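The structure appears below as C-alpha cells.
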Amino acid sequence: MTPLTLIYYILGILTIIGGFSMLFAKHPMRAALSLLFVMFILAVLYALLAAPVIAVLQIIIYSGAIMTLIVFIVTLLDSKEDDLRKPYTKCVYLVTFLMFLLLLVTMNLLPPATFGNAPMVDGNIGALSKELLTNYVFHFELASVLLLVGIIGISIIRAGRGEKQ
Amino acid sequence: MINFTMLIVILPLIAGLILTVLPKKNEKAIEWTSLIFSLLIFIISLQIFLGFDEANPNYQYTFSFPWIPQWGINFSLGIDGISLLLIILTTFLMPIVILSSWKHIHKLTREYYILLFILETAMIGTFAATNLFVFFIFWEMMLIPMFLIIGIWGSDERIYATVKFILYTAFGSFMMLAAIIYLYTHVGTLEFQDLGTIRLDPTTQLYLFLAFALAFAIKVPMFPFHTWLPAAHVEAPTAGSVILAGVLLKMGTYGFIRLAIPLFPDAVMQCMPYLIALSVVAIIYGALVCLVQTDIKKLIAYSSISHLGYVMLGLLVLNQYGVEGSVLQMVNHGISSAGLFLLVGILYQRYHTREIASYSGMAQVMPKYATIFMIIALSSIGLPVTNGFVGEFLVLVGAFQYSRDFYEVSRNILTFLPAIFASLGMVLSALYMLSLVEKVFFGKVHEKIARGHIPHKDLTHRELLYFLPLIVLIFWIGVYPHYFLNKASGTIALLIATFK
Amino acid sequence: MQTQGLVYILLFPLIGTFINGFLSFFRNDLKTYFKKNFQWSAEKFSYTTNRISAIVGVLAVTLSFLCGVWYFFELLNLSSENALSYTLLRWIHTGALDLEFSFYFDHLSSIMVLVVTGVGSLIHLYSVGYMHGDPGVSRYFAYLNLFIVAMLMLVLGNNLLVMFIGWEGVGLVSYLLISFWYSDIDKAKAGKKAFIVNRMGDVGFVLGALLLFALFNTMNFSELTQSIEQSAVPVGYITCAALLLFFGACGKSAQIPLYVWLPDAMAGPTPVSALIHAATMVTAGVYMVVRLSPLYFAAPYAMNVIAIIGAATALFAATIGLVQKDIKKILAYSTISQLGFMFLACGVGAPIAAIFHLVTHAFFKACLFLGAGSVIHGMGGEQDITRMGGLKHKMPVTFWTFLIAILAISGFPPFSGFMSKDEILVAAFGTEYGSMALGIIAVIAALFTSLYMFRLFYLTFLGDNRSGHKVYEHVHESPGAMTSVLIILAGLAMIGGFIGIPHLFSFLAFPNLIEEWLEPVVISFPLTRHGETLSPLIMLVSVGMAFLGLLIAYIFYGRKNTYAENLRSLFQTTYQLLWHKYFVDEIYHKLIVRPLYFISERILFNTIEKGGIDWSVDFAGRFSKTISRKSLKLQQGDIQYYLLYMIIGLIIMSVVILWWVQ
Amino acid sequence: MIPIDFLVMVSLTLFLLGATTVLVRRNILVMLMGLELMLNAAVLLFIVYSRVHANLTGHFFALFIFVVAAIEVGLIIAIILNLFKQKRSLLTSSYTSMKE
C-alpha cells in the first residue's frame, strides 16, 4: 500500500461522503455546497490521474460556473412554504433498495483489475489542444454549434416572460 | 351472355350508389327506387332459379376473375343447389323488408336503404362465393351494415346489443381467418373444389374444423354461443331483425354445410355426437326459455334458436333426408321468422311496446292482423299443411334413420334420444307459440289499449301486400315442397357421397 | 282404380272454407264497401253475409255427402277386393321416402266418409239455427268446413303422412273452434290445452310412423300390411311402433293418459262438441287402429295394452260421469267411456264391432249433444242440470228425441246402442284376447252408462222445475231447423242398429250388413267356441244392466226423495273424489305444468342463461374495463414515478439479459 | 499503484447517488444537483480509463461532457424559472398537470 494509493482511497471515500451528504441534506443550499465539495475532490483526483487540463476545467467550468449558477438560483428561488421536513418522495425505501440491488449487480459484473504503473501519458494542455484541433476538430465545431443552440434556446424560453410581469 | 351471379352480387352495390345521388329529403323517391331495384334483383335471381337444371349437382353460372394473381386468388362465384335456395330466400326477403320500412324510417332514410343494399351484396356474395378468400370477404362485409343498422335505428338499448353482436361474431371469424391462412399456406389453393378433394391428417383437420365450427356456431347461434341473438333482435329495427333472422343466421348453417363438413370429414365424424347433442339441447333449451319470455321479440329470437337447432340436427345427421330437411328448414325458418318479426314490427310501430303483458284481446282490435299472425305462427310451429312441417318431418326422418343405423351397431336405446327429443320440440314449440297467441290475442281487450288515444287501425293494404307472398310461399312449400327440394337434392346427394 | 271424383268429396268443403274465410277475413272492408256503394245498413249486411255463409257451409258439406254416397254405391258394385283411389300430387320424394297426396276409398273409409259427411251436414244445418245471432257466423262455418276437409283427409288418406295431415288439421280446427268465443280467456285456455294434449299424442304418432318407415321403408297402408305379413321383423319393434301409434290415438280419442282435454273442450259451441268431440274427430284414433289392424294383430302385447286401457277408460270415465253437474261434461265423459268401449273391442280383436259401435255412437251421441244444445239454447245458456227440470212440456220434440237417444246409448234392445255394445261385450268375453276381467269391467261400465244417462234424463226433463220462475217462463222449444235435425238423428239412432244384427238373431234372415261389408278389409278374430255358447247369456246380462241402471236412476232421481243426498253424505270421500275427477287435472298441473315452468323460468332462463352464459360474455367486457381503471392509478403525473418505472424496467431487462447470457 | 476497481466503484456509487437524489428528493434544484453529480461520475470514469489505456480520448469526452453539462444547466434553470413563475413552488409534486 504505497501512500499514493492511500490518497486515492481517501479521496474516493471523501467523494462518496460528499455524495451522501448531498442526498440527505435538508436544505438545498447545504446540498449545493456538498456537491461543490465533491467537485473539488474530483478535480484533485483528475489531477492525480494525469489529467491536469480536465482538473482545471472542472474547477473553472463545473464548480466555478455551473455550481455558482445553481447556488445563485437556490438563493433566488428559496421560497418559504417549501416544507423542509419532508424532503423525500414516498418511494424512498423502494428506490434505495433498487439502487443497492443495481450496485451489487454491476459490481460483480466488472472485471477485478488493479493497475500498475503504466507509462504516464502527459495530459498537458499542448498535447491536448493539438489533438483537439487535428482529428477532433469536427467535434470541436459541433460543440460550439451546440453551445450556440443552447443559448438561443434559453433566450427563447425566457423571451416571452418579459412583458407579462 | 352476361353472367347472372356476378350481376346479382354487384347490382345491390350499384343500387346503393344510385341512391346516394338522390336528394336526402325526398323520402318517397328513395323508397320507390330502392323497392324497384330490389324487385329487379329478385327477378334476376328468379331467372337463375328457373334456368337452374337439377340434374347437374355442381356449380352452375360460375364466374371467375383473377383478383390477386400473385397470391393465386381469383374472385370466383358459383351457384349450386343449396346456395340457390338461400339466394332466392335473400332476394325474396329484400323487397318485403324494404316495403315494410316505408314511412317508418325518418332518420337518415337514404343511408338506411344504402346499408340494406350493402347487406344484400354481402349475403348474396357469401352464398355465391366458391373461393374461401371471397367467402371470408363477404362474410366480414356483412358485419358493418348490420352494426350500423342496429346501432342507429335500433330501440333504446341498441349500443350494448350491437357492440356485443359485432364482437361476438368478429371473435368467431378471426378464428376462421387463422384457419384460412393455415389452409392457404399448407394447401396452397382456396378454391372449394380443390379443398374438397384434399384429405388432411386427422389432428390438423380437428383443429381447423374447430376453428371453422366456432365461427359458424356463433353465427348459427348453437347452444352455448347464442346470447347475442336475443339482445341483437330485441334492439334491431324491424328490417334489421328480419334480415338477421331471415338470412344472416343461415350463413352459419350454410358455412357448416359448404365448408366445415366437406373439408374436414374425419373431424366431423369425430365431433358429430357432441354437435348433435348440442343441437338437440338447443331445440329443447330454446323452446323452454321461450315459455317464460315477457318480450315478444325476445321470444321469437329464442324460438329461432330452437328452429335452427332442427336445422343443425338435420345437417349433422348427414343422410339424404336430414340434409334436405335442414336445407328446407333454413328456407322455412327464413319465411316464418321473417313474417313474425314483421308482425311484431307493426305492433311496435302502433303501440310502441314489445311487452306481452301490455297486450291482450288484440284479435278484437285487429282481426286481420290476428289471422295472419295465426297463420305464420302455425307455420313456425310446423303444422302439416304449412312449410314448417315438411322441414321438421324430414329432419326427424333423418335423425331417426341416423339413430337406427347407430342402433344396429351399438344396440342401446339411447341412440334414439335425439329423434325423441327433437319431436318433443314440436310439442314445446306449439306450447310457447300458442301461449303467446293466447296472451296477446285472446281475452278481453287490454284497458290501456281500449281507452288508449292511439286509433285502432287494422292492417293497411300496403302491409297486407307484403304478407301475401309469405303466406303463399308457406302453403306452397307446405303442399308441394318437391318443386324446391328437387333443386337441391342433386347437390346434397353429391355432398353426402363425397363425404362418405 | 283411379277415380278423379274422390277429390270432389274434399273439394266442396275446401271451397266452402275459402268462401267463408274470405267473407270473415274481409268483413269490415266489405261492410264499408257495401255501405258506401249500395247504402246497406250494418244489420242488412251482417244478415246477408250470415245467410250466405250459412248456405255455403251447409251446401258444401251436403254436396260432399252426396258425392260420398255416389262413390259408396259405385264401390258397392265393384268386386270386394277393389277400392277407389286417386293420387293428386307428389308431396315429398327424397331417398326411399316417396309420399304423395293420394286418397283411398275402400270399404272401411267409405263408412267413415258417410258418417263424417252425413252427421256433419246435419250438424251444419243445426248450427245455422244455433249460431243465428252470433257476429262470427262466417268464421264459424269456415272453421267447420275446414274441419270436414281435415277429417276427410284423415279418413281418405292413403299413407300415414296424409292421415297425419288430417290428424293435425283436425287438432288445429278443434283448437280454433273450442276457443271460438276467444274474448273469454278460459275458453281460449281450454282450446290451447286441447291442442297441446293432442300435439303430445301426435308426437307419439310421428315417432310410430318414423319407426314403421325405418322398418319397412314405406308409409303406404297397403304396402305396410303386405310387408308386415311377409317380413320377419322382430316382434319387439312392431309392438313398439304399435304402442307409439296407439299413444297418438289416445291423444286424439281422449283415452286414459291424454283424455284431460275433452271435458274442457266443452267450452266450444255445442254443435262443435257434437261434431268434433262426439261423432267424428275423437273416433279418428279408433279408425287408425282399425286401419292398421294387421300391425296390431302382429303385436299381441300391444293388443292387450289397448284392451286394458280401453276397458279402464270406459269404467273410469263412467264413474266420473255419475256425479257431474254440467250437462255437456256428463256427455263428454260418456263419450270418453264409449270410446273406451271401442278401443276395448279393437283390443280384443273385434275391429268390426268397434267400427259398428263407432257408427251408432256417432248417431246417438250427436243427437244427445244437439239435444243438450237445444236445452241450453232454450234455457238461455244454463248448463247445470241441478238447476233444470220439468222441461218435458216446454220442449216436447227435444224431450222425445233425447229419450230415444238415451235408450239407444244405455243399450235397450231394439235401439242401435244395444246392437253395437252387445257385440263388444260378447267380444270382450268371447274372443281369444278377451278375458273374464275385461268382460266384467265392460259390463259394469255399461251399467254406469245407463245409470248416469237416466240420471241426466230425470234431472233435466222430469221432476219439478228448479230453475227460477222467470227463466222457466222464458224456456221455449228450439226453432224448426234444430228440431228437424234432432228427429233425423233420433231416427238414425233407432234404426241404426239394424245394419249389424248380431248372429243370434240370424233367424230373422237379415244379414249382418256391416260385417260382410268390412270383412275383406279388416282382419278380426272369430269368437272362440266357448264364446259362442256364452253370447246369448251376455246379451241377457247387457239388457239386464240397462234396466238395472234405469231402476237405480228412477229410485234416486225419479221421485222426490232425499236418497241421493244421504247417499252422497254417506260416501262423502268417494263423492268428492269423483266430483273432482280423481284430481287428475290437478295432478297433471302439479307434475308437468308447474315443474316445466319452474325449470324454464328459474333454472334455464335465470341461472343458466342470464347467470351463466350471458354473465360470462358480459364478464369479458367488465373485466377489461376494471383492468383499465386499475392501471390508471399508475399515471399520477409525478415525474419521479415515471423515472422510477424506467429504472425498474431497466433492472428487469438487465436481469433477464444477464440470466439469458448465462 | 492506482486502485482502478476502487475508483470505478466510486464512480458507480456517485452515479447511483445522483440517481437516488433525482428520484428521491422533492426539490427540483436538488434533482438538478443530483444530475450534475451523475455527470461528474461519468467524467471520473472517463479519466480513470484514459489513464489506464494511456491515450487522450477520455479527456476529450470529458471536455465535451463539460460543454453539454453547462448548456443543460442553463436550459434547466430557464425552465425552472418559468415553472416557478406559475406555481411559486419548487416541489415536483405540485407540477402534476400531466395526470390522466
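Chains: A, B, C and D, in written order; residue numbering restarts at 1 for each.
What we mean here is this: contacts are C-beta pairs under 8 Å (C-beta built on N, C-alpha and C of every residue); 3 or more make two chains touch, one makes a residue touch a chain.
Source: prediction; values computed, not measured.
Undergrad: Please state, in steps, how far subunit B lies from subunit A along the shortest route of touching chains.
TA: So the least number of steps between the two chains is 2.
Undergrad: Between A-C and A-D, flag the pair that has more C-beta pairs in contact.
TA: A-D
Undergrad: List the centre-to-centre spacing of subunit A and subunit C in whole Å, with centres computed as mean CA coordinates.
TA: A distance of 106 Å separates the two centres.
Undergrad: Rounded to a whole Å, what is the gap between the Cα centroids of subunit B and subunit D?
TA: 70
Undergrad: Could you put a whole-Å number on the gap between the CA centroids of subunit A and subunit D?
TA: Here the centre of subunit D sits 6 Å away from the centre of subunit A.
Undergrad: Hey, how far is the Cα centre of subunit C from the one of subunit D, in Å?
TA: A distance of 100 Å separates the two centres.
Undergrad: Considering subunit A alone, which of its residues make contact with at least two other chains?
TA: Where subunit A meets two or more other chains at a single residue, that happens at 89, 91, 95, 102.
Undergrad: Can you list the residues of subunit D that touch 2 or more other chains?
TA: Within subunit D, the residues that touch at least two other chains are 19, 23-24, 92-93.
Undergrad: Once you draw an edge for every pair of touching chains, what topology comes out, line, ring, star, complete or other?
TA: other
Undergrad: What chain-chain pairs meet the touch criterion?
TA: Touching chain pairs, listed by label, come out as A-C, A-D, B-C, C-D.
Undergrad: In their complex, what parts of subunit A are in touch with subunit C?
TA: Of all residues in subunit A, those touching subunit C are 89, 91, 94-95, 98, 101-102, 105, 109.
Undergrad: What does subunit A use to touch subunit D in their complex?
TA: Going through subunit A, the ones touching subunit D are 2, 4-5, 8-9, 12, 15-16, 19-20, 22-23, 25, 28, 31-32, 35, 38-39, 42, 45-46, 49-51, 53-54, 57-58, 61-62, 65-67, 69-70, 73-74, 77, 79, 81-83, 86-89, 91-92, 95-96, 99, 102-103, 106-107, 110, 112-121, 123, 127-128, 131-132, 136, 139, 143, 146-147, 149-151, 153-154, 157-158, 161.
Undergrad: Report the residues of subunit C in contact with subunit B in the complex, numbered from low to high.
TA: Touch list, subunit C to subunit B: 25-28, 89-95, 97, 101, 161, 164-165, 167-169, 172, 175, 179, 182-185, 188-189, 192, 195-196, 199-200, 202-203, 206-207, 210-211, 213-214, 596-597, 599-601, 604-605, 608-609, 613-614, 617, 621.
Undergrad: Sort out for me which residues of subunit C touch subunit A in the complex.
TA: Residues 638, 640-641, 644, 647-648, 651, 654-655, 658 of subunit C touch subunit A in their complex.
Undergrad: Spell out the part of subunit D that touches subunit C in their complex, as residue ranges.
TA: 19, 22-24, 92-93, 95-100
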